[in-house]
Every structure is written in C-alpha cells, then in structure tokens.
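Paired with subunit B in one complex and with subunit C in the other, subunit A is shared by the two complexes that follow.
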Partner chain A sequence: MKIESFNRIQVMHWEEDITLKNIELFRAAMLKFTAGSVDYFVLDLKPIQYINSAGLGIIAESVMNMRKQQKDMAISGIGQSIEEIFAIVKFTAFIKLFPDIEAAINFFEAAQNDNPSIC
Partner chain B sequence: MTIPPFASSGKGEGPAMKLTKPLTASLSEASEFLADRLFQSIMEGVMVTNVEGKILFINPAFTEITGFDKEVIGLTPRVIRSGKHSEAFYKNIWDSIARHGQWKGEIWNKRKDGQFYVQWTTITVIKDEKGKPLFYASVFTDISAKKEAEQQLQEDLRLARKVQKELLSQPIRNQDIHITGAYLPSTMIGGDLYVWYQLNEHEYSLFVLDVMGHGITSALLAVSIRSLLRSVLYETVKPANVLEKMNSHVYSLFKSQQATLRTYFISGIYVHIDTDAKQIRYASAGHPPGLFIDYTGDVTELESSCPPLGMIEQIEVKEGQFDYEGRAVLVLYTDGLIEHGEQTVGAAIEELKKMVRQHRHLESEQIICQLLKEKKYSRNPNTFEDDITIVTAILY
Partner chain C sequence: MSLQFNCIEMPIKTEKDVWEAMKRNDQLAEKLGFPPTVQIMLRLALEEAAVNSLEYGRGSSHEPVHLSWNVDNHTIRISLKQKGSRFCIGKKEEVNVSSCGRGLQLILNIMDKVWLDEKEGYVIFHMQKSCH
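Presenting the complex of A and B:
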C-alpha cells in the first residue's frame, strides 16, 4: 500500500488482490480515509486482479460514507478482471471509475475549482 | 527478607508474605523472592521434576487444577496420567524435548478425584551452564471448559447446517419442468441459498442468492432473506418489484453499521417461469449471469442490472424477458463456481457457458454433477474458498 497526496486529493495505491487474507487490512485502510479529513480520495487498483465480495462491500460503503460527508471518492487503474467483476455488481451505477490516476486527479481538480475550500 | 520453602505448594504462606527489608536486600535475593512469588501466585499449574522424573516442586495452581498437594513430591507425573494416551505419545513428547528443548501441546490427565481433564502444556528442559539437563518444568492450563465450549459450538454448527439444508427447496419434477439444486458450503454453514416455489399449476419462482462472506452471520442472513422472500411473493411476483422490496429490507437491516464498513450485502437472481406461456422473466442484482440454453444450444446470459441488495438505499431494477420453445435449460449459480483458480471471472463464465452447452441434453442433476466435476470441486466443506450453489431447471 502506498499513499500520495495532491493538494486536497489523496491517492491510495492498493497493490495486492483483495482476499480473505488481507481483507481486514483493506478495511482498516479504507476506514482511515473515509473517517479522515481528506476531501477527495482515489483508490488505485492498477496491479490487482481480484476483489472478493467483502472487498466490494467495503468499497461501496466507503463511497456512500464519503458522499454523506460531502466528500467524494473514485477508483482508478481498473484492469480487465476487475472491470468484469465491477460490471457484474454494477459499480458503474454509483462509483466513479477512471482508467488511470491522472484521469481521476484531473476530475477532482476540476471539482475543486468548482468548489474551492473555504478554509 | 523471608523466602518461603520453594518445594511447598504454598498454601497458607503466599499472599500475606511481605518484604521485611526490601531496601537492603541484594538484587539476587530480590529476584529469588520475586520468582517465588510468581511461582506461588500464577494461574498456570507448575510442576518441576528432576532428570529421573521425580516431582520436586509444585505450585498452588497445580493443586487447584489436579487436586493433588504435597503428597506428589517424590512421585512421578504418572500419578496424574489419564490412560488416554499411548506410550508412543509420551515418547514423542520426550523426543521433542530432547531435540528442541521444549514441547507444547494438549494432554489429557486425571485429577485426584478421578475426573479427566485436558491441559495445554509447555514442558521445558532447564540446563546448567554446561548444557546438562537439571530439571524439567511443566507449565499448564486447564482448558477443559474451552474444549467443551468448542465441542458445543461444533455440535451447534452441525445442527445449524442440518437446519439450513432443510430450508433448501426440494426438487420439482413434472411434465413441464424439472428443477433441482446443489449447495456446497465452504465451511460448516454458509451464506448461499436457493429456493423455488410453484405458484400455481404453471408458474414458478426461482431465487438464488449469495450473502457476502460465509459462516454464521451470512447463514442467518440467508435464512432471514428466505422468510422475507416468501412474504414478498404474496405481494408481487414481478421480478423488479421483488428485488426492490428485498433491497429496502437488507439496506435497513445494516444502516446503523455503515460507518464501520461492516455491513452485509446480497447478490441475487430471481426468475419467474410461466410454463403455459413458455415465458421467462428475470431480474438480477449484482449476481453472476444466469445461463439460458435453448434447444438449438444458443446461450443467453441473464445479466445483472443493478448493484447487490443492501449496498445502496434505492436500486433501479430492470427486468429481462424472453420466450422459449422446445427443451431448454436454465442454470443459476453463485460466484463460488466461477471465482476459482487463475481465470478471470469473464473467462470462467465463458468456460461455464461451453460446459453447459455441451451437457444441456443431460438431466438436471447430471448437469450439476458434470459442472462440479469439470470445475474440480469435491462435495467436502473446507476444500474450496467460497460457498457454491448451482440450480438447474429443464423446461419442456
């Protein structure tokens, strides 16, 4: 796992398939972001090939939690196998998906310009 | 400083002991005193033998657990043997101590009153500075209550599994339709469920669902969803409405837990079959595509149109509908069947489609057996990662 920050945008690179073995680590990492002060969060899944159902639940819940706090989250770096899983669970219906980190950051930077921080 | 006799079990001498001259005592005396206090007061039973196997020291917890007091000093640990282990078992312990200096494991022993108990034991050899063994120290905890609780839990799980299996629908076989299913939980109980109802002479409802995760919580949720489905079907059989109502229910169940990222959700596919009209209507929420194979061998995927149930507050479910003629096969399953091995989900679905097309002429039970065989699943729990459910319906 690697973290990067770009202004009010934070990026977490998750580098392993999300399975029973690391699901609690993933949950803890996602909780840290959804409960933290970050306004925009990008979860980059570039190298990973598989997410189990609990992982999907954590992602969905994180998106909903951030929106409740007037924050936003996106997913980037989706490969073919993850795209197939996301297609089945229809994540496209409520989660912003981007082919790479740059596209996600560009999107949130544009959003920041539309909604500048008052702090 | 007064130090109590080390060989005693310490009864009547322990907790009231005080340092009489702590500030002037040497470090060595203080450590001896502390070691003895620890020996007397710890919850674990301690028994120290010499190299001949004669018991030299015991502590109060030893007496508490075994019922034996000072009368065992000078005897061997055989005094507490249960007779439940073979000589080979004890030989293995001593071999391990000789090789590694220590052995850890469970031993069944017998209390003074004849009652058997099981202890978690660590036996360590204590050597002099030249490496010559001086003593063997056995530190143990009575884990009988824990063992009993574990056995009770296993018994409860066996019963729960039986109840869960009872809740699965029984096959339907008539001139219009033959429905059957198989459920393979990855642990003792799981979160998959299949259920079907014959609504009248020519209408049938089939439902396959998969609660996220597996184990007790998922199984309970699956059972709760089954009763909910029954009541929903009294109100409507329209697939989109059925799934929307179930989504509201599941979402409200876990609303309060959303902040912890520990909610549950359910993927499911619902199919309504009218054998008179020869028509199928379906809706799927985040579930792997059901497969419909017509008499020519063409395969249609019954695709999901919305996220799984309980994931978001409101879902917009789209129904699919098509007519059939001749002998057709419907296969519904959970993701355990396609998330196996190195394949991507898409490749696994394609492979499944080929298998189903190839075996479409078989009876419904045989199709299931072939799929499991070719996907290399056995029917034993704990041999695969996720629960697996397959339902087949042959339509005539």
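Presenting the complex of A and C:
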C-alpha cells in the first residue's frame, strides 16, 4: 500500500488482490483514510485483478460514509476483471470510476475549484 | 488439454481450506482452458460460495462443508454440500449500496447455471460453467 497526497486529494494505491486473506488489512486501511480529514479520496486499484464481495462491501460503505460527511471518493486504475466485477454489482451507478489516477485527480481538482468552501 | 470426467472432493472447515480450494480451482480452470479473466471469475464464485457456506453453517453444525468439482472436457461443476435446508437464490437487479449482500449476485452472474438440491437434511449448492 502506498499513499500520495495532492492538495486536498489523497490517493491510496492498493497493490494486492483483495481476498479473504487480507480483507481485514484492507478494511483497516480504508477506515483510516476515509475517516480522516481528507476531502477527496482516490482508491487506485491498478495492479489488482481480484476483489471479493467483502472488499466490495467495504468500498460501498466507505463511499456512502464519505458522502454523509460532504466528502467524496473515486476509484482509479480499473483492469478488465475488476471492471467486470464492478459491472455485476452495479458500482458504476453510484461510484465515480476512472481509468487512471490522473483522470480522478483532475475530476476532484475541478470539483475543488467549483466548490472552494470544502477546502 | 483433454480431461476425462473427473470428480475431486475436499472438506471445508476453515478459511484456510477456502484458500486451498481457490488455488485448486485455479489449476482446474486453467487445465480446462478457461481464459485468464474467466479463471479469476471462477475463483471469485468459489470463494463467495465457500465463505457463504461456512457462514451459513456456523453455529448450527460441526460438520464441514463438502466441496466437490465435477469436470469434463468443457465444463466445471462446483458443488457445496452441508447440513441445512433450501434457501432463495433469485437474481436481484437493484443497486446495492450497503456493505453486504453481493456474494450470490456475483455467483449468479459469473456462472452459466446455479441450482440447489435438498436431500436427507443436506442442501447442495451447485454452480456450473462451460468453456465455450
């Protein structure tokens, strides 16, 4: 796991497939970063090919919790199998998904400019 | 590679067993010639079904879940047998924003066919996929 910050945007690079073996590590990392002071959070999944339903649940819960706090979260670096899994569970209907980190950061930078009060 | 009809079984008592089963499932799916992305999806269906079975049986039975693979040249059938009774396996179309309830949805979309058998106090969850 690697963390980067860009202004008020924090990016977490998750680098291992999310399975029953590491699900609690993923849960702890997501809780730490989405409950923090950051306004915009990007979860980058570029190297991974696999996520189980518990991981999907953690992502969905994190997105909804951030929105309750007037914050937002996106996911970047979505490969073929992750895209297929996200399509099955209809993540495209309520989560912002981007092909790469740059697109996600550009989106949130524009959101900051449109809504400077959140900064 | 050509495979003869074959059945492999293993008991599932813990999450470590589920992990071993996922690895075995990968090997079978590769031998059957499923494309890499489909192999990943089959692994996911197996993990979801096995974890669901462990959770379903927790507290009600000390018997393990009996996992089996039936394989022929083009098809893999994964079955999980445990104490219990029939449950609903209907597909849901609504968007789920909650923290749980996606396992069966994944399985139903990944596999070609999913069905239940009930026999002598046991329920058997079958899921099947063919390599087209």
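The rule we apply is simple: the second predicted complex is superposed on the first by the 116 of 119 C-alpha atoms of A that agree within 3 Å, B and C clash if a C-alpha of one lies under 4 Å from a C-alpha of the other, contacts with A are read in each partner's own complex, and residues count from 1 in each chain.
Note that contacts are C-beta pairs under 8 Å (C-beta built on N, C-alpha and C of every residue); 3 or more make two chains touch, one makes a residue touch a chain.
Quick caveat: nothing in here was measured; it's all calculated off a predicted structure.
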item: Touched partner set for A:34, first subunit B, second subunit C, both or neither; value: first
item: Partner chain in contact with A:21 - subunit B first, subunit C second, else both or neither; value: second
item: Where subunit A meets both subunit C and subunit B, residue numbers; value: 20, 49-50, 52-54, 56-58, 60-61, 64, 80-81, 84-85, 88-90, 93-94
item: Complex interface listing, subunit A residues touching subunit C; value: 19-21, 49-50, 52-54, 56-58, 60-61, 63-64, 80-81, 84-85, 88-90, 93-94
item: Complex contacts: residues of subunit B adjacent to subunit A; value: 210, 212-213, 258-265, 267, 286-289, 304-308, 311-312, 335, 339, 344-346, 385-386
item: In the complex, subunit A residues that touch subunit B; value: 20, 27, 30-31, 34-35, 49-50, 52-54, 56-58, 60-62, 64-65, 80-81, 84-85, 88-91, 93-94
item: Residue ranges of subunit C in contact with subunit A within the complex; value: 15, 18-19, 22, 37, 40-41, 43-44, 47-48, 51, 95-103, 105-106, 109-110
